[in-house]
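Two complexes, one shared chain (chain A), two partners (chain B, chain C).
Then we have the complex of A and B:
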């Protein structure tokens, strides 16, 4: 599964709070983080809107009353794997098209997130941007509550590399 | 019934995986926090407010850990969520399971009763602190956690063991189910 190209996390209101793009390096046999994103900002915005409205759509068309959810969807070139938590976080992994749904892997990433981000006192909880808009830093483009945890990035990189190799 | 047993099983397996501290250390630390707040702040209402705020901040973080480690993904359904809070949440974080009682007809209010809890062992409140709600932090945790699940609740302490009642009771009232709004 060396085709992982990106991980995006959206908060409750659909703002991207974490993005990381990857490329498989055959020489180093590792998944390397990339500075050029796999999806540009506009595409991430569109993805956010799509994922945000998928849930009401799915629960409308579901014959059962219980809430159904989408695990992944595929286009010709990419597969998007989704995990939506009860707290409204949305984890999305973008991979090549022929990959089985990565539900368990996403749940493990959520565990990494819980231990390195949610319980990290230096990270504000992911809804903080709604409550405290005044605390926005100079960089206005990014919403508050961005994940800046280095340990999350390290843990994520090695987890995804293990998946890929 | 099977849902309850299932939650209990999840709680046990998660509990065995978590880091633990002795309950004495925990009791003393919490006692020290409350004492410091009482010394630092002028009036008791402010202490209660601070405890509530601290609890709220704890709750909105703990909820993600709980969901990630247990794999639960509940809808904002008050009955189910409160069962998770008591059978899983309190079980894995405080080692106790409070009882739920007095559900109202449309399942929006419920009372949690604590018979004993590590937080209040060896605690005696002097009469000067009659207005202090020692458990306010727990109220805050419940409020913070449920807020992250999209449920706005109000928690009130209706009976306090430290003030002579049989059990400590927290009344949880659902005020509204919040719909997520898209940021644009």
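Then we have the complex of A and C:
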């Protein structure tokens, strides 16, 4: 499964609070973080909208249970695995095509997130976009609540490397 | 019967054919015929968004949710056929959709009285689709 491209986390309002792109390096046998993103900003925005609207669609159209939620969706080139938590956070792993739905792996990533970010007392996720916006900031300012925890990044990198090898 | 329902959308996203093969279970949401038309057209939007996100030629191909899978197949002319079925039969759906596309070409499109964007009302097509759906394991 050395086709993991990217991990994105959206907050409750659909803003990306964490993005990390990866590339498999055969020489180092590791998944290395990349600075050039796998999906550009516009695509990330579209992905947020798509994920947001897929949920009520699936809930209505599902013939088995209206509580069903999307596990993953694929296109010709990529597969998007999705986990939505009870707090409205959405974890999305983008991988290559033809990958089985990675729900368990997403649960484990959520455990990593819970232990390094959510339980971190210095973490302030709700520095709100609801508050009065600061004047004079550029439009491409990242939304508040960005995850900057280095321990989350390292734990995530090693977890995904173990998955890919 | 593993297949639950089949939808065919025209190039503009209107629902032109819809067939349900199984009763919805009691925990599922109740939807009327109008709701089905709406939902199917909403999927047209998703398909296009899927294309815009990663630049693939075909948009969303499969959606896995709960115990079900939705598989969509676009045609070169812009029609979209999508089917909702049990997850256990996910591999058989591509062949099923190809078979339905063949039936569509043979029965519906070769009918000189069928106009392209209009709903499909062909008894022969409905029967052939039911037979094909029954044959999917």
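Going forward, the second predicted complex is superposed on the first by the 146 of 165 C-alpha atoms of A that agree within 3 Å, B and C clash if a C-alpha of one lies under 4 Å from a C-alpha of the other, contacts with A are read in each partner's own complex, and residues count from 1 in each chain.
Methods note: a contact is a pair of C-beta atoms (placed from the backbone, for glycine too) under 8 Å apart; a residue touches a chain by one contact, two chains touch by 3 or more.
Just so it is clear, the structure is predicted and the values come from calculations on it, not from any experiment.
Upon superposition of the two complexes on chain A, no clash is found between chain B and chain C, which fit side by side. In the superposed model, A:114 lies in contact with chain B only, and not with chain C. After superposition on chain A, the vertex angle at the CA centre of chain A, spanning the CA centres of chain B and chain C, is 110 degrees to the nearest 10.
In the superposition on chain A, A:78 makes contact with chain C only, not with chain B. Once chain A of one complex is fitted onto chain A of the other, the partner contacts of A:49 extend to both chain B and chain C.
Of the two partner chains placed around the shared chain by superposition, chain C is the only one that A:61 touches, whereas chain B remains out of contact. Least inter-chain distance for chain B and chain C in the combined superposition, rounded to the nearest angstrom, is 13, based on C-alpha atoms. Shared interface residues of chain A (contacting chain B in one complex, chain C in the other): 49, 66-67. Residue ranges on chain A touching chain B, taken from their complex, read 12-15, 49, 52, 66-67, 84-89, 107, 110-111, 113-115, 118-119, 125, 127, 143. Residues of chain B touching chain A in their complex: 57, 60-61, 63-65, 67-69, 71-76, 148-150, 180-184. Taken together, the chain C residues at the contact with chain A in this complex read 4-5, 22, 24-25, 27-29, 31, 35, 39, 42-43, 45-46, 49-68, 70, 84.
Residue ranges on chain A touching chain C, taken from their complex, read 39, 43, 46-47, 49-50, 53-54, 57-78, 101.
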